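Labels run A, B, C, D, E and F following the written order; every chain starts at residue 1.
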Amino acid sequence: MNLFARMLRPANVGYAHCDGPCGVYDPAAARIAAEAVLSMEKKMAALGNSAADEHTRARFIAIKEQQAELAKREIDILWHDYFKPEHLGAVPNLHEMFWNAAKLCSKNKTENDAANGEALMSAIEEIHDAFWKTKNRDIAFYRANP
Amino acid sequence: MNLFARMLRPANVGYAHCDGPCGVYDPAAARIAAEAVLSMEKKMAALGNSAADEHTRARFIAIKEQQAELAKREIDILWHDYFKPEHLGAVPNLHEMFWNAAKLCSKNKTENDAANGEALMSAIEEIHDAFWKTKNRDIAFYRANP
Amino acid sequence: MNLFARMLRPANVGYAHCDGPCGVYDPAAARIAAEAVLSMEKKMAALGNSAADEHTRARFIAIKEQQAELAKREIDILWHDYFKPEHLGAVPNLHEMFWNAAKLCSKNKTENDAANGEALMSAIEEIHDAFWKTKNRDIAFYRANP
Amino acid sequence: MNLFARMLRPANVGYAHCDGPCGVYDPAAARIAAEAVLSMEKKMAALGNSAADEHTRARFIAIKEQQAELAKREIDILWHDYFKPEHLGAVPNLHEMFWNAAKLCSKNKTENDAANGEALMSAIEEIHDAFWKTKNRDIAFYRANP
Amino acid sequence: MNLFARMLRPANVGYAHCDGPCGVYDPAAARIAAEAVLSMEKKMAALGNSAADEHTRARFIAIKEQQAELAKREIDILWHDYFKPEHLGAVPNLHEMFWNAAKLCSKNKTENDAANGEALMSAIEEIHDAFWKTKNRDIAFYRANP
Amino acid sequence: MNLFARMLRPANVGYAHCDGPCGVYDPAAARIAAEAVLSMEKKMAALGNSAADEHTRARFIAIKEQQAELAKREIDILWHDYFKPEHLGAVPNLHEMFWNAAKLCSKNKTENDAANGEALMSAIEEIHDAFWKTKNRDIAFYRANP
C-alpha cells in the first residue's frame, strides 16, 4: 500500500486547515494573518491625528482585531486536530507553546504595540518548526512501513 | 477598593465569551451548543429513508457541524483567555482537559453517534466544574484582599 | 407514548437556538450577550482620552455592536420559532414584548449609555419569565396527556 | 428646512437594511432572497437520483437554508427598525404580518416544497405594500410640514 | 421546449446572487449596499466632535466597511457567474467596468469621501445597464429559438 | 528613502489579503483553499454508500463549497487590489486569467470532479507566477529608484 493511499485511509482522515478533514494543514495560514497584525501595528505607529488618519486608525484597529482572531483560529486548528497524543514525545511543551501563542493573539487585540506582533510571529515560527518536525517524522514512518 | 472596582481595573480586564474584554465568561454557551449537537445526533438516529427524511438529515448534518464548531470556539475562549497560569495549581490537568474537549468537538463533526455527544457533554461539565472552582477562589481572594 | 418520544415527533420538531430544529431553546444565550453589551458600556464610561484608551474604546464599540446584534438574533429566534399562536393566551403582550426588546438592542448600538444595557437586561428577564411560564405549561400538558 | 435635510436629522436616523443607521431600507433584499429559496425548491423537484443529482441536491438544500435565513434577517430588520409605533394605525396587523413571514422562512428551511416558497413571496409582497404605504405617508407628511 | 424549461436545463444552471445556482441575479443588491456606503459618507461629513459623535463615527466607519465589502461581493458575483464569454460582444469593456467598480469599493473603504460613493453608484449603474442589455438579448434569443 | 519606508508611504498602501491595507499579499492563501477543494473531490471519489459514507459525503460537499468560496475570495483580492493598471504591460491577459480562475471556483462548487480541482490548482499557479513576476519587478524598481 503506497503512501498516498495510506493517507486517504479513514484512520488517517484528520481535521485540517479548513477545520474539515481535507488533510491540508499549513502553518502558513496563521503566519499570513500574524503578518497582517504586525503590519497594522507598524502602520498605526506612523499615523498622526488628522481626520483622515483617525479614519484610517479606526479601520486598522478593526483589521488588526479580525486578523488576530484569524491567527488564533488557525493556531487552534493545528492544536485541536493536527497534533495528536503520539506527538507529545517529540514536542513535550506542545500545550504551553499553543497556549502562549493563543494568549499572544489576545494580547495583540487588547493592546496596540508592534512588539506583540513580533512576539506572535516568533510563537508561530516555533509552531511551524514543531509542525514540520513531526510531519516529516510521520512521512518517514509511513515510507519505512509501507 | 471594592470588589467591583477591582474587576474593572485594567489588570483584570481579560478576554471573555465575546472574545473581547467583556469580562462575561460562562461555560453555559458551550453547553447549549453541545446540547444541540447531541439533539441532532439523537434525532438523526430516528430518521428513515423517505425523501423528506433525506432532506432533514442533510440539514441536521449541517447544524451538527455548526454547533460542534460553536462549542469548540466557546471552549477555546475559556482556555485562551479565562484560564491563566495561576490556575494551574488548582487545575493541574487543564491542558489535557481542553485538548480532549476540542478533539471531541471534531469527533462529533466527523462521526454521527450520540455517544460522542454524550462524551462532549461530560467534557464540558468537567470544564464547568474547573471554571467555577477557580472563579469562586478568585472572588474569595479579592474579598479577603480588598 | 412518553414525553421524550412526543418531543421527537415531527409535529414537535421546532426551530431552536441554533435556528435549526435542535429543540434546545434557552434565553440564557440572549442574556449572556446583553451582559457583554452592558459590561462594555460600563467600561467605556470609565475610559479617558489617552492613546491606549482611544484604542480600547474603538474595540469596545465594535464588541458592543456585535453583542447587541447577537442578543437581537437570539431574541428573534425565540419569537420566530419557540413561541407559537397557542402561547398568546398565556402571554398576550408577546409581540410588544419582543418588539421592545429588539428595539432596545438597536438603541444599545446607536447610543453608548449603560441605562440602555440595563433596560435590555430587564426586557430579556421578561422574555425569560414568559419562556419558562409557557415551557412549564407545555411540559405539564404533555405529562397530563401522555 | 428641506426634506433631505430633515431625513438626516438625528431624530430620523433609524436603523436600516445594513442594520446600521444608513437610512436605506428596501424590501427588495428580502424578496431577492425569497426568490432564491423558491428557485431552489423548484429545481430540487426536478432532480433525480443520479450521483450528480444527489450532489446538486445537497448543495441546493444548503443554499435554500442560507437564503431563507437571509430573508428572515431582512424581514426582521424592517420589523425591528423601520416600523415604529406611529405606523400601527396604518398597519394594524403589523406584528402578525411579520410573525407569519418569519415563521414561513423557518418552514422553508424545515420542509422542501415550492408551495412554502410561494407563500413566503406573498408574505413579503404584503410587507412591501405596508412599507411603501407608510413610507409614502411619511414623505407626504414631511413635505406638508417642512 | 419552452423558455422556462430551457432556463432549468443543466447547461443554463448558472451561479447567481446567492453564489449558488439559484438563477436569480439582480444588480439591485449591489446598489442597495452602495447606497448605504454613500449614506454613511454623507452622514459622517455632518458629524462634529462630541463624545456621542465620536461614538457614531466609529460605528459608521465599520458599517461603511461592511457595506463596501458587500457591494464588492455582489459585483463579483455578476462578473464571475452571470457574465459569460458570449456576452463580450455586447459588452466589450466588461472586465475594465468590473475592475473599476471593485477598485471603487476598496477606495470607499480606505477613504471617507462621498465623491467615492457617488462614483461607485455610477459604476453600478453602468453594470446595471450591461446586465439588462444582455439579459434582454438572452430572453429574446430563447423566445426566437424555442 | 529606503525600500521599507517607501512601502509604508500612503501612496503604496494598498489592499491586501485581509482585504484591508495590511500590504501582505500571498497567493498561498488561495492555493491552500484550492488544495482542500481537490482533496475533498479525491476523497469523495473513494466513498461508498454506507450510512457513514453518506454522512461523510454530506460534510465533504459542504467543505468543498466553503473552500471553493474561500479560494474565489482570495483570488478576487489579488485581482481587485494587488494588480493595478501599470501591471497590464507585464500581464496582458490579466483579466482573462482571473475570470477563468473565478469561474473554475464556481465549477468546483457545482460539479464534483477532481479534474476541476486540478484545473483550479493550475489556474492559481498561473496567478502565482504573475504575482511574483510583477512583485519582483516592483521591488527592483524601488531599489533602482530609491
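Simple rule for what comes next: contacts are C-beta pairs under 8 Å (C-beta built on N, C-alpha and C of every residue); 3 or more make two chains touch, one makes a residue touch a chain.
Because the structure is a prediction, the values reported are computed rather than measured.
Trainee: Which neighbours does chain A have in common with chain D?
Mentor: Neighbours common to chain A and chain D are B, C, E, F.
Trainee: Same or different for chain D and chain E, when you check if over half of the residue numbers at their contact belong to both copies?
Mentor: same
Trainee: Nearest 5 degrees, what's the C-alpha rotation angle taking chain B to chain C?
Mentor: Best-fit rotation on C-alpha atoms: 180 degrees.
Trainee: Go ahead and note the Å separation of the Cα centroids belonging to chain A and chain B.
Mentor: 21
Trainee: Just the number, please: Cα centre separation of chain B and chain F in whole Å.
Mentor: Comparing mean C-alpha positions, chain F is 34 Å from chain B.
Trainee: Between chain C and chain F, what is the gap in Å from one C-alpha centre to the other?
Mentor: Result: the chain centres lie 40 Å from each other.
Trainee: Could you pull out the residues of chain C that touch at least 2 other chains?
Mentor: Touching at least two other chains: 13, 20-21, 58-59, 62, 109-110.
Trainee: Should the pattern of chain-chain touching be classed as line, ring, star, complete or other?
Mentor: Other.
Trainee: Hey, which chains are touching each other here?
Mentor: A-B, A-C, A-E, A-F, B-C, B-D, B-F, C-D, C-E, D-E, D-F, E-F
Trainee: Hey, which residues of chain A end up touching chain C in the complex?
Mentor: By the definition above, chain A touches chain C via 57-58, 61-62, 65, 109-112.
Trainee: Where on chain A does chain F make contact in their complex?
Mentor: Residues 8, 13, 16-18, 20-24, 26, 28-29, 32-33, 35-36, 39-40, 42-43, 46, 59-60, 62-63, 66-67, 70.
Trainee: List the residues on chain C that touch chain A in their complex, please.
Mentor: 51-52, 55-56, 58-59, 62
Trainee: Quick one: which bits of chain E touch chain F in the complex? Just the residue numbers, please.
Mentor: Within the complex, chain E contacts chain F at residues 13, 15, 19-21, 69, 72, 76, 79-81, 95-96, 99, 102-103, 105-106, 109-110.
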